[in-house]
Amino acid sequence: MMELLLAPAIMVGIGLFFGIILAVSDRRLAVKEDPRIEGTNELLPGTNCGACGEPGCLPFAEKLAAGLVAPSGCTVSSPDDIELIAEYLQVDAGAKEKMVSRLRCAGGNSEAHQIAEYLGFDSCRGASIVSGGGKGCSWGCLGLGDCEVACTFDVIHMNDNGLPEVDTENCVACPDCVDACPKDLLEIMPLNQNLYVQCNSPLAGEAATNLCKVACDACGKCVADAAPDLIRMENNLPVVDYAAGGNAKPEATFRCATNSIKWLQGDQFQEQDYASTGGGRRYG
Amino acid sequence: MTEKDPNLLLQHAPLLQQGMTTPQAMRDVLYALLPVTLAAVWFFGLGAILVLLASIAGAALTEWTFASQEKGGESLLDGTALLTGLLLGLTLPPGLPLWMAFLGGAVSIGLGKVIWGGLGHNLFNPALVGRAFLLATFPIAMTTWAPLTGADGFFTVQPSNLALPFMQSGTDAVTSATPLGLMKFEQQSTPLVNLIIGNTAGSLGETSGLLLIAGGIYLWMRRDLDWRIPVSILITVMIFSAILDMVDSTRFPDPLFSVFSGGMLLGSIYMATDPVTSPITPKGAWIFGVGVGLLVVLIRAFGGLPEGMMYSILLMNAATPLIDRYTQPRVFGRGKALT
Amino acid sequence: MDKTQNQAYEEFIKGIWRENPVFVQVLGMCPMLAVTNSAINAFAMGGATFFVLVGSSFLVASFKNLIRKQVRISSFIIIIATFVTVADYTLEALVPTVHKELGAFIPLIVANCMILGRQEAFASKNTISMAVMDAIGMAAGFMLALLTLGSVREILGNGSLFGVDLFGPDFEPWIIMILPPGGFLTLGLILLVFNWFTVKKAQFIDKVAAAERSSS
Amino acid sequence: MTAESETVGSAGPQMPEIVPESPTIRLVVTLALAGLISGIAIMGIYEVTLPTITANKARVLREGVFKVLPGANRLQKLIYVDGDLAPTADTRKDEQPIYAGYDMDGSFVGYAIPGAGPGFQDTIGLLYGFKPNTRQVIGMEVLESKETPGLGDKIYKDAEFVANFRQLSIEPEIVTVKKGKKSAANEVDAITGATISSKAIVRIINETNDIWLSRLPEPGAEPPLLEVQTEAAESAKTVD
Amino acid sequence: MNPLRLLRRSFDHGVHPAHLKEQTADLPIQRVPFVNRYLMPLGQHIGAPSRAIVTVGERVRRGQKIADATAFVSTTLHSPVTGWVRKIEGFRSMDGSFAPAIEIEADPYATQQEERGDPLPWQSLSIEEFIAAVQEAGIVGMGGAAFPCHVKFSIPDGLKIRYLLVNGAECEPYLTNDHRLMLERPDDLLQGAEIVRRKIGAEETVIGVEVNKPDAIEILRRHVKPDQSVRIVPLQVKYPQGAEKMLIKSIFDREIPAGLLPRDVEVNVNNVGTIIAIFDYFERAIPLIERIVTVAGPGAAYPANLIVPLGTPVREVLRFCGGLKEETREVIMGGPMMGRPIASLDVPILKGSSGILAFTEAETAGRKEYPCIKCGRCVEACPYFLNPSRLARLSKARMFDEMREYSLMDCVECGCCTFSCPSNIPIVQLIRTGKDDLRNRKETEQ
Amino acid sequence: MDNLFWIFISALLINNFVLAYFLGLCPFLGVSGKLDTAFRLGLATTFVLLITALCAWFLNTYVLIYAPYLDLISFIVVIASTVQFIEMLIKKFSPTLFRALGIFLPLITTNCAILFLAISATNRGYGLAEGLVFALGAGIGFTLAMVLLAGLREEAELSDVPALIKGTAMNLIIAGILSMAFMGFAGLFSST
């Protein structure tokens, strides 16, 4: 009988002993931290991509819990997830506008000229330090795909024309590609800003079009055709300023001789068919 | 003057190159091993050629199958797969069934190289990964040492060589013991002359000390190997075996025996020096060598196995990233007060 | 009714492939590698794990409302440890030879993170029936992994499967397979094959989807 | 624990609960209660399986002892206390027993002595039979070893090797010689390719002898078989 | 410290490329004729670009100031020819980008005779006036870096210069312009050095020359005048002996700590060409409007050493010496180890252009890249004791923290690593890419 | 003394907990990405192993002689509680030490190396000194394996490891090769 009682007795003893020690020390030794941080962190996607502007998900969670940022700052989470976090923290989700990465260049293999051949480290950053990489237009895309490599979410793919295509649907607007491009051609912007200038060349007239068929020659027609103040010329390039002007309309693009201002809906470079141009990456 | 501009090339400076290329270095090692290979055939007969070919075939085939697909078979051309196969073959016992040698070659390249991303990316010596695998997989066959060529002379092929794939080699093999085995288990020494010439039992390529050293000198003259590694290994081994020998000369062999027996020379000249898996810094090379030396003496003197060269190199391969990390040279103008 | 049945099936099936505890979640590696040098041992370990996982999931799901968050881990461990002790003694009584082979690894089931993980992540938040289905699925997935590994290692390492000789006496066993390195290497290669399958499957699905898109 | 369980989450994000403070006393009681229930459960299974397990163990032990002491079919457990070998029924964990084997008539056959020591890979545990009047080892059985299959495991799989220990003199001490070189009564033919394991066995026996021989009484003065204790001895809980 | 070092006058590591100087070493300096179009980029030096002070259409005289300094680390530009300003706008520059430049059309009827003025009374100038004069002359370092010279001469309070070190190492293969200057104008060089030495208050002038130019050492030794405090030091032939930190290590056995400058070890380093430019300004009142350029390389039809007015398009310089051979594939400005390839022959000669090298298929093609085999040759070549193999791999993987940890920024891009790499890895290029990455990152972090 | 030495060497090299016994694989595979972290985890584990040896000895000597069947459950409860208690102490009194080592403690308590140590020290009948030496050898051996793997993984980070094998598969294979290399220590100091 003694035997039989011994096991439960020991277990209860151990349980009580440590239960009490731990409970007491929990009170005495407790170091306070916001328990919601961990909870919030669990709700975040955990990709640590940095799209929110923080070094990772946990720091973002800390700021969330402290009320310094809104849940919608995480562009990776789906709207439902954002709602969930907002609900959990009892805060407002914040306005969320779909942002995507856009390429300020349309001069692929079939439009822009090479003036010299580049050989070496197979990357745009590498090429850009060797006399600019040999592309005639020294502001244009080098087409070696650093942005493709940098994209954490695998939504950038080089097309047959040697230009990166962003899958706008899945782009989460993290700035990886922006950071990677040595020519600073990618920019993060709201998806619904449809009027977009796909050129980065500050040259005007023939100087521009000699280097690239689709370069903006700074003729200014688009400025004239758009709502007043919506577009202005700066450094030989049109700048669309949604804050300053009225409604953007596709009409502004109609008279552009070089097709460098576009009315974009969804992905860039949709209508082009490059199969006929021979395709392939420009170098090796 | 051509009126038309040449289509200029943009290639980053410097445009001058020293001249040595990686495939050339690999070929040099193959050349350096040629005499050793011939000696293996001389001592062990036709069977040696078969074992070497089997392991080279295993290595080359694996390289070709896996590593070359995207690069269009080019990676075979740099010669490293052949070298790995040959080096593995040289560490195998003469009587090993051919299918095992083939498997070893395949494992060397498969587990030792391809999986890591191919040439230059592996962190363990591929040939030794293959050998360690074989030793752990077929310990009996791998420690059964066929004697030198017998009556058949050149045409000697051990019956065990011809075992069917996946089948045992049979137990009737004539065996002999390696100098190290004799020393360890029977406290019996082998004359130094035999060790230097190479007419002793052992792995195909490890027996002839003289030719191994000659090849090493060739590689050193061609600047293909880091002399610090073999030198530090051999010195460490000499010092520590001398100490042990003084303590108990029946149990522990003398320094020269230690250096000329077993895989010591093959390992320290050709395998510990594998550039890919040894430290890149000069100081690291010294540490690496001393580490290999200490481990070899430890395993040979106190371990369960008579030979420890392979394990020592593999263990130091594992430590190489750490060694490299902590032996970075002092950058010019840094870490020193203005003098 | 139909819906819950579906869901129960879903919980069950996910553990076997999509969320396989070993191949996908990489949990419970220690028992996985330590006891899989033969298929029989793998089977016994799988069985014991099955018993412990299903039993403790059942209990945890039953008492989930009683267990306070602060002491939930401790309580889970006590529950699991109890089941393990039961399994341990039962095995020792019924199959002493297997028990001796498995050695210390039966008690170590307590530390198998997969089991605790399921309590934390699933059983303590779901109904009893779902918890049990999930546990069965996970345990089956674990068993599947154990048996795969155990069979490969036994076939190559010993020329037999479940103790039955396969290749005759002349077979040269690959001894490394039953040694520790063999465990690591085989599991690594199996994971490689698993990844390969997953990628191929994804590619296949992509291809089908692309074909559908272009035809429509 | 927490870090591991994070990787487990399966069904997408679930709302983490915000834990309300619970009174300390409740936590302690929950734990104690869990302990109580578990204690009872374990006690239960232990009681249920105990007879079978003890019987199993006793059988293994008996088989082992009888194997290394040919001719014996009864045994009794002995421990060394205060300079004396005394029969005992129960051993504490820190006590190392040996076994005396007796034949049908109850006359003494020899001692079965357990020993352990490092082998090639891990500890080797064994039991050997020792006959004090001839000062011979008369049987040896490996109980536990992790030696390499195909090589080291020959120490118990190779009948020839095990046969070495049927009639092995321990004077002056047992030595290993190369296979086929056995020429004296105290020599053991090593297994080819597993010299280390062979030597380990011999060394373990020699070392165990060093401990036990001095503790054994004069030949002829062995403790007699105490009938009352046989049952208890058979149900001895542990061998190792 | 290696006691032998003082004997052999060298630094540790480094490489030994073939000298390849035979092509031009014996060719006296010639003057290229004037052409009709010159292009003067406003940013020819390190530091802030200059500001044009002429207008389109304006007539300018040879030697007339056409652009002014915009900051202390900035300098002036002078018209290389007499003619008219035609354009001031973006032109393709050496690095491939478009940068503002002044286009001048030469007056075909002008004599283009430089107006040799009176010597400046340099003896009586205060150090501040001297520095202002150097800036006014538009003189920059001619050793390659094109660092505004006057900045180097302004020594902060508390520091003192003991040695004026004249860099005549010319360690780059092919180049012989410094060599020719030393041979042809030894007196001017010694006098120029004397001017600088006195002005910056140095005790001694040390001229370091690699021993593969024995004639230069000879001539200089012979021409030293008793009142000139000059020492000629022969140096071991080893690349990059001419890098100033290596030079100081070789000659004075002092290691300049990372981040510090020669002046912190009481030395001021100047290239031979720089000293000559200073001589020209103070003794002849000619500002920096032309420089010596070596045209060489396997692709050059007629190699030469030339006096070239700044702003002359490369195409015209090449045309003067017979153009490029058919098989030419690459044209490099500067030496083969550190020079930069150009994408177009229209780019002009700048203040820092020491050479135009043309390379053919043989030097440029067939460089198959293999993976790094960690052979350590680059580690043993790097004169800065970096781990180039690792830096290259880190740069490829964009591991920024590790790049800093391994002192990526300390690389001077000398090219020893790439030179010695058996796997043909473009290590320097990778390191430069990594440097750019790190710099951009620092910007975005701020 | 000899015995203690062999226990130490055996746990450290010959029967390395990770590479020969497959213990503590969760942290071995999970926390070996960074050298620094791996090293600190190793230290923390060594510490917990030592505590475990102490607890196990205490339980074996004073509690389990009365109820041996409670070994498993009492080990796990007592060790976990003790470690948790120590963790709280460290967190309170040395935040730096906590950040360096303490954060790993909860991770370690549930790993199987700890439990194995307690159980096998019991089964082998180790006394206090033997238990502690065993724990020390095991801990250092674990740290050694961790540090080697972490160094290799950091280096492999810069290699072109094929995507299919990157991650756990690669880590397992590295562990396999390491384990193969550690086989060289078999029989160390037992052959004499």
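Labels A, B, C, D, E and F are assigned to the chains in the order they are written; within every chain, residues are numbered from 1.
The rule is short, and it goes like this: a contact is a pair of C-beta atoms (placed from the backbone, for glycine too) under 8 Å apart; a residue touches a chain by one contact, two chains touch by 3 or more.
Not measured: the values here are computed from a predicted model.
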Task: Given chain B and chain E, the chains that contact each of them - done: A, F
Task: Pair of chains joined by more contacts [C-beta pairs], A-D or E-F - done: A-D
- [ ] Please identify which chain has its centre, taken as the mean of its CA atoms, farthest from the centre of chain A.
- [x] D
TODO: Can you check how far apart chain C and chain D are, centre to centre, with Cα atoms defining each centre and the answer in Å?
DONE: 32
Open item on the list: Between chain C and chain E, what distance separates the C-alpha centroids? Give it in angstrom.
Closed with: 69
TODO: Could you give the separation in Å between the centres of chain A and chain C, each centre being the mean of its C-alpha atoms?
DONE: 40
Open item on the list: At least two partner chains per residue is the criterion; list those residues in chain D.
Closed with: 1, 4, 9, 19, 27, 31, 34-35, 38-39, 42-43, 46, 120, 148, 150, 196
TODO: Identify all positions of chain A at which a residue touches two or more other chains, and write them in rising order.
DONE: 6-7, 10-11, 14-15, 18-19, 26, 115-116, 119-121, 126, 129-131, 133-134
Task: Multi-partner residues of chain B (at least 2 other chains) - done: 8-12, 111, 117-118, 120-121, 133, 136, 139, 304, 324
Task: Residues of chain F defined as touching chain B within the complex - done: 35, 147-148, 151-152, 154-156, 159-162, 165, 170, 173-174, 176-178, 180-192
TODO: Using the touch definition up top, name the residues of chain F that touch chain C in the complex.
DONE: 19-26, 29, 69, 72-73, 76-77, 80-81, 110-112, 114-116, 119-120, 123, 164-165, 168-173, 175-177, 179-180, 183
- [ ] In the complex, go through chain C and note every residue touching chain F.
- [x] 26-27, 29-31, 33-34, 74, 77-78, 81-82, 84-85, 88-89, 104, 107-108, 110-113, 116, 176, 179-185, 187-189, 191-192, 195-196, 199
Open item on the list: Which stretch or stretches of chain A touch chain B in the complex?
Closed with: 115-121, 126-127, 129-131, 133-134
- [ ] Show which residues of chain D lie in contact with chain B when the two form their complex.
- [x] 120, 148, 150-151, 178, 193, 195-196
